[in-house]
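Read through the structures below before going on.
Below, chain A partners chain B and then partners chain C, in two separate complexes.
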Partner chain A sequence: MSVPENRTNGTPKIGVYICHCGINIANKVNIKETVDFAAKLPYVTVAKEYKFMCSDPGQELIQQDIRAGLIDRVVVASCSPLMHEATFRNATGEGGANPFMFQMANIREHVSWVTFDKDAATVKAKALIAAAVHRVSLHRPLEQTRVPVHPDVLVVGGGIAGIHASLTLANAGKKVYLVEREPTIGGHMAKFDKTFPTLDCSACILTPKMSAVRAHPNITLWTYSEVVGVEGFVGNFKVKVRRKPRYVDEDLCVGCLECIEACIFKKGKFPDEFNQGLSQRKPIYIPFPQATPLVAVIDPETCAHFKTGKCKKPCADACQPGAVKFDQTEEIKEVAVGSVILATGFKAFDAARVGRYGYGKYPNIYTSLEIERLVNAAGPTGGELKMADGRKPKSVGIVHCVGSRDNNTNAYCSRVCCMYSLKLAHLIKERTEAEVYNFYIDMRTPGKGYEEFYERLLKENVHFIRGRVAEINDWAMIDEEKGHLIIRVEDTLIGRVRRVPVDMVVLSVGLEAQPDADAVRRLFNISCSHEGWFLERHPKLAPVSTFTEGIFLAGACQGPKDIPDCVAQAGAAAAEALALIDKGSVELEPNTAFVNEEVCAGCHTCLNVCPYGAISYIKEINKARVNGALCKGCGTCVAACPSGALQQNLFTDEQIMNEIKGVMNHV
Partner chain B sequence: MSDTAHKTDGFQPRIVAFFCNWCTYTAADLAGTARMTYAPNVRVVRVMCSGRLDPQFIMEAFRNGADGVLIGGCHPGDCHYQAGNYKALRRYILLKRVMKEMGIEEGRFRLEWIAASEGDKVQRVINEMTETIRKLGPLHLEPVNIPATAHVQVGTDKAAVAARGGVS
Partner chain C sequence: MSKPKVAFYWCASCGGCEEAVVDLNEDILGVVQAVDIVFWPVALDFKRQDVEAMDDGSITVSFINGAIRSSEQYEMVELLRRKSKIVIAFGSCAHLGGIPGLANTFDRAAMLKEAYLESPSVTSGNTTIPQTEITVPEGKLTLPELWDTVKSLDQTIKVDYYLPGCPPPANLIKEAVTTILEGRLPEPGTILAPDIALCEDCPRRETKPDKLIIEQFKRPSQYIIDPDQCILAQGFLCLGSVTRKGCGAVCIEGNMPCTGCMGPTSRVKDFGAKAMSAIASLIDADDEEKITKIIDGMADPVGTFYRYSLPASIIHRSYQKPDGGGAHNGA
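The block that comes next holds the complex of A and B.
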């Protein structure tokens, strides 16, 4: 192995520590053989094994050997560096060496957990250890730079999760920018009448929180707005927010509804989004009485002034404070924040995608979200559940798992549908006294008080039929079926196909990722799971963090969940942001690029490949120079440099080349 | 689990993989967490971004006896550093031409976009590639075929300079 002595402050002394990880590694990799192998690698002065290297005694092993002068650099062969690199760098530093005189060999995620054959696993583990030993022999001490964390936080999405996170932070004295796409905050929860399992009134528990957001001196609420640009890194993000014109001045509007009264459309004419299109609104409207902010909005797509230019604009005349402003234009706000909480929620599954359930074809088939509005006292029917012909339904079928647990649509369970179906069963029974049938595959009611709620429904004489519904249509086969919707299902408890005639059907649609989740995640440089949900850093141990430092998740944007879980997660995300703010500064990974000026020929190649404009050309000396504060450490310029003058700390050409030699040559 | 993951007899190809930290390395970790067994023939070298990949790393791997080289990066548009993967793609295409001239078969050099959530794709790609190379047999390279990897080749080996992204 070629290690020029002058580069490494004398001959390296490497300690190799191989972790059993209980039996996670030791079951597959022959630890003894691996230790013997490591001991014979060049410059290795100590090779040890331990049950749990990440434990205090494990880390102590490393520190003792450094203190005793036995080693000056460290290799730990254990789990992924994404898991414990920080831990062991710390231990190396605590022992008295520079924390970057450390390299990790991933023999758990990349070896023991993915390899069938024990001998093959041992061979592979050895190769990775050899690679790490070769690499670390060329490591150099590095210093981390500290940058301050901006104490303000951006929260994206004003559903219950975003609301709760914003209030938690604001109450802790932090400044929050809450950006919501719709004209009002509230999200899905604002549409519900009651919430399971306690059946408390949704508006009663939500609207005080919405008002608190509006009134809080620490919260800047931007509704009808979207984030359009994000730059920077943890602690130092620069965010651009587009505020769409609502043509009503937020500061002047008092929410008196006079403008809506005065509109030339005497009645609502356009589908009301908030009511799932079950009622009509005017071009100027307020989504619902508790909308926050309580400010009218003009929809230019339907407003006669914008369509024809011929409207006399009675709305503007009717507005005493003079808030209606047809000349309003979009505004771009730029803010600096240290962290971001994404709480963009979910989209309900489009029931029309399951054609055999007849949604959109038969008037009396509704989605659960529509029923939420129809049973809502503040909804389009004042809470009365009626059929298309105005009659009260005598029988209602609730079909579970529409767009969930179905390989043709979504394979996952949406988690909330069983419970909200029970809730709707109760509400429908209460409002109409109809016979209610629940068609379920499995009843899933884990949660505090949830199973008890199911028990209660069983006693309320709601019918439960176990089986996935095959088809819904109105093709009567016998007289009793005439004029009804017929739900065809295999009742798996009695092992028979049944036809259940009902007046009305509720399709319990599942939860899906927002259609623009992919665009949003790109904006914030995070990942999505297969299904489109934002990906958490670790499913168990870092459920609200992402792989991008400083960006946190809350609520249903991370996966289907109910309100209690959304709120818990929002609190957790706020706590993570607070921890970051209170820490005050972050240490940056010292993997920036640098120019060896002796070798640089001033060819400009690097200048064109850097995405951050971090490299400048110094004319006087005909050399390139890297601005360490702007460099993010991708190494693209290093690979592009034709003369090898550019190098990347922690990833120098030599270090990578040596790693390649190690991985190939010793096994 | 495929046979590839279990095969212990016969020729065991050695494949060096370069995975970017943010997508593909994370995906490989996910494959581990989900205990997806795959062929033990790939050894991963982690880089921050696929844009860091200097063609000489790939040459070095082959020179040290690798039977195949796999590059893994984020999907187009997903690179943590905006466009490093496009640079990698450009170098890959040029390098492939050089490889061909050197007599290295197509299946021995592969680039895949693998997102952080695609642990199953790591498993599939590694199994496929191992199987392909098993069929091709060990790579025998005449030492003279491999261009020297020293930096002094500027201007002398146009293909190599181009492959580094120096010519656009």
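The block that comes next holds the complex of A and C.
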């Protein structure tokens, strides 16, 4: 290994610590051979192995060796830096060395977990350790800078999760911006009549929270709005929000409905989104009586004024406060926040994708979400469940797992469908006294009071047929089937294919990620699972954090879950945001770029490439200069600098080249 | 006290470096007076045997120019290394491999085929390519062997100092000779030129726009270069920002872009890679199609960015199959 000229603090003394990670690493990598190998690498004065380096005794090993003067730099060969870089930097610091005199070799995710070949694993582990040793020999002590955390929080999505997180924060005295893209907050929960397993009235428990959001002095509620730009980093995000024009002034509208009355359309004519298209609304409307804010909105796609320009605009005349404003334009708001909670929820599975279930083909086949509206006292039928011909259904089949646990659509279990199917079975029976059949694969009712609810339904004489439904059609084979929908299913408990004629079918659709989840995740620079759910930092230990510091998750955007779990998660996300705010400041990774002014030729190449405007040109001395406070350590300028005058802490050319040399020398 | 002994030698080069020594004009006389030139095949009648007869380490300084690409060149530089206290790689070819180094995009077989069989200037029907050995009635004749791979001087022997440039600028030569003769030896491995990029010395420095961007690559053969504006800002590939200064910006003064003969600064490991990275940063487009269009306007990227430094770059040469030819590749 070449000795770099600019070594400042004497000959390095490197300690290498190789972690077994229980048997995670040890049963693939030959630890003893690797320790012997590490001991012979240049500048290595200590090479040790330990069962769990991340444990207290593991960290203590490092600290003792530093205190004893045996080492001044540390290499830990264990898991991903994502897991434990902070742990070991900290241990290095606690031992008395600068925390950045540390380098990690990932011999778990990059080695033992990705091969069955023990010899190859050992060779690669050695190469990665050699690379880390070569690199750390050139590390320099670095100081971290602290920047204050902006105390305001952005919450995206106004379903139950977003509402609960916002209120928690606002009640703690924090200022919240709640951005919801629909004209009202409430999300899916606002559409339900009752909620399982307690059957309490959904509106009764949700709407007080919705009004509290509206009334809270600490919450700025922006409905009909979307986040269009995010810049910055933990503690210091700059967010751009687009407020779509609703053509009704939010501050003036009192929600009196006069404008809707006055509209030239005497009756609703366009599918009402809130009622899943089961009723019609006018171009000017309020989604539902408890909509929050209770402010009308004009849909320019259907409004005669916007379509033809010829409307006399009676709505505007009818509005006493003069709130109807056809000349409203979109507005871009820019706010600074320190943390973000994403609570963008889910989208219900499109039942038409399973063609053999006849959705959209036969009348009287509904999705569960439609049934939620139809059994809802505030819904399009006032809570009466009727068939297309106006009769009450005498028999109803509820088909579970539509778009869930199905390799053709979604392999995962949507978690809430068994429970809401039980709820709907109860409500349907209560409203219609029909025979209700549940077609299920497995009943999944884990949760407080959930199994009990299932027991209760069993006693309510609801039928349960175990088997995945094969097909739903109206092809009668015998007289009794005529005029009915026939559900074909293999009843796996009696081992027979059955044909069950019913009047009405409910398809219990699963939960899917929002169609724009990928765009949203890009905007906020977080990850998605392959199904599109936002990815938590750790499934067990950091379930509401993301890989981007300061961005948290709440509710169904992270994966299918029911309301109690959404609320719990929203509380957790709010607590994480509060913890960050209370901490007051964050330490920045000292990976900033810097100009070696002595050798900068003032060529201007870097000036234009910095995405953060952190580089300026000092004309008097013909040098470029990096503002460390603005630099985010992206390295773009370093790559661009033609003469190597720009370098980056933790990633100097020498360190990287030496790291590569370490690998190359030892493979 | 006897005068210091000096040798000059050339390997794969164009002769320009020899010119550069002569270009010292009257100053050459000073040098000639101060030293004993013991070997300089281009100017003085010495033979290899004369060098072989010298004591090891008896030559004070050998200035060697040209890249190394044949068995004979290798033998000679080996010999000079043994006989010399100090070896200076003189000029771009010895320093980084130089223009001959671009041959590393081919191999020997392809080069010989082109030069002796297929080039339009070859008498058609010729089937003879150079051999290292041939027996004629008078006896056996030999020729040095051409290597597959062109090397920089320090890839074959230990080099003490480097005088960069194509050819090295007169003032740098003078300075180097004076320092060495006065015994003020710099750190071994030093490149005897300022360690900062040419832009600093550029007469057009003030004309650099703050927003330096390239929307189209232009070639001097197609467009007229505005003599008062930053050449790179006009879209001509000027590599002054990547290249070590010390030349006095003579090309710029002559209204031509810098082609990078002085090589990179000490902080840059691979001139061509760095140049590409820097120039790519200036391309003013963000969709792939536009980027491709701009880049396609750049003629001969290897010849442009690695014009003087392919052998000394990280990759050295184009890929050769392990069984490809087996020609001798030097030390």
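Criterion: the second predicted complex is superposed on the first by the 641 of 667 C-alpha atoms of A that agree within 3 Å, B and C clash if a C-alpha of one lies under 4 Å from a C-alpha of the other, contacts with A are read in each partner's own complex, and residues count from 1 in each chain.
Here is the rule we go by: a contact is a pair of C-beta atoms (placed from the backbone, for glycine too) under 8 Å apart; a residue touches a chain by one contact, two chains touch by 3 or more.
For clarity, every value in this text was computed on a predicted model and none was experimentally measured.
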I'd like to know which partner A:653 touches here: chain B for first, chain C for second, both or neither.
both
So, A:120: does it touch chain B (first), chain C (second), both, or neither?
first
By residue count, is chain A touched more by chain B or by chain C?
B
For A:609, using the defined touch cut-off, is the partner it touches chain B, chain C, both, or neither? Pick first, second, both or neither.
both
Looking at A:304, would you say it contacts chain B, chain C, both, or neither? Reply first, second, both or neither.
neither
Touch test for A:642: chain B only (first), chain C only (second), both, or neither?
both
Looking at the overlay, does A:262 come into contact with chain B only (first), chain C only (second), both, or neither?
neither
Which partner chains sit in contact with A:617 here, chain B, chain C, both or neither? Use first/second/both/neither.
second
May I ask you to decide whether A:252 touches chain B, chain C, both, or neither, giving the answer as first, second, both or neither?
neither
Where on chain A do the contacts from chain B and from chain C line up?
599, 601, 603, 605, 608-609, 636, 639-644, 653, 657
Where on chain A does chain C make contact in their complex?
598-609, 617, 622, 636, 639-645, 647, 653, 657
Applying the document's contact rule, which stretches of chain C touch chain A when the two form their complex?
195-200, 205, 208-213, 239-242, 245, 264-269, 274-275, 277-278, 281-282
Of all residues in chain A, those that touch chain B in their complex
80-83, 106, 108-111, 113-117, 119-121, 123-124, 127-128, 131, 522, 525, 527-530, 535, 547-548, 591, 599, 601, 603, 605, 608-609, 611, 632-636, 638-644, 648, 651, 653, 656-657, 659-661, 663-665
Residue positions on chain B within touch of chain A in the complex are 1, 5-6, 8, 12, 14, 16, 21-23, 25-26, 28-29, 31-33, 35-38, 40, 43-49, 51-54, 56-57, 60-61, 64-66, 77-78, 80-84, 87, 91, 115-118, 123, 151, 154, 161, 164-166, 168
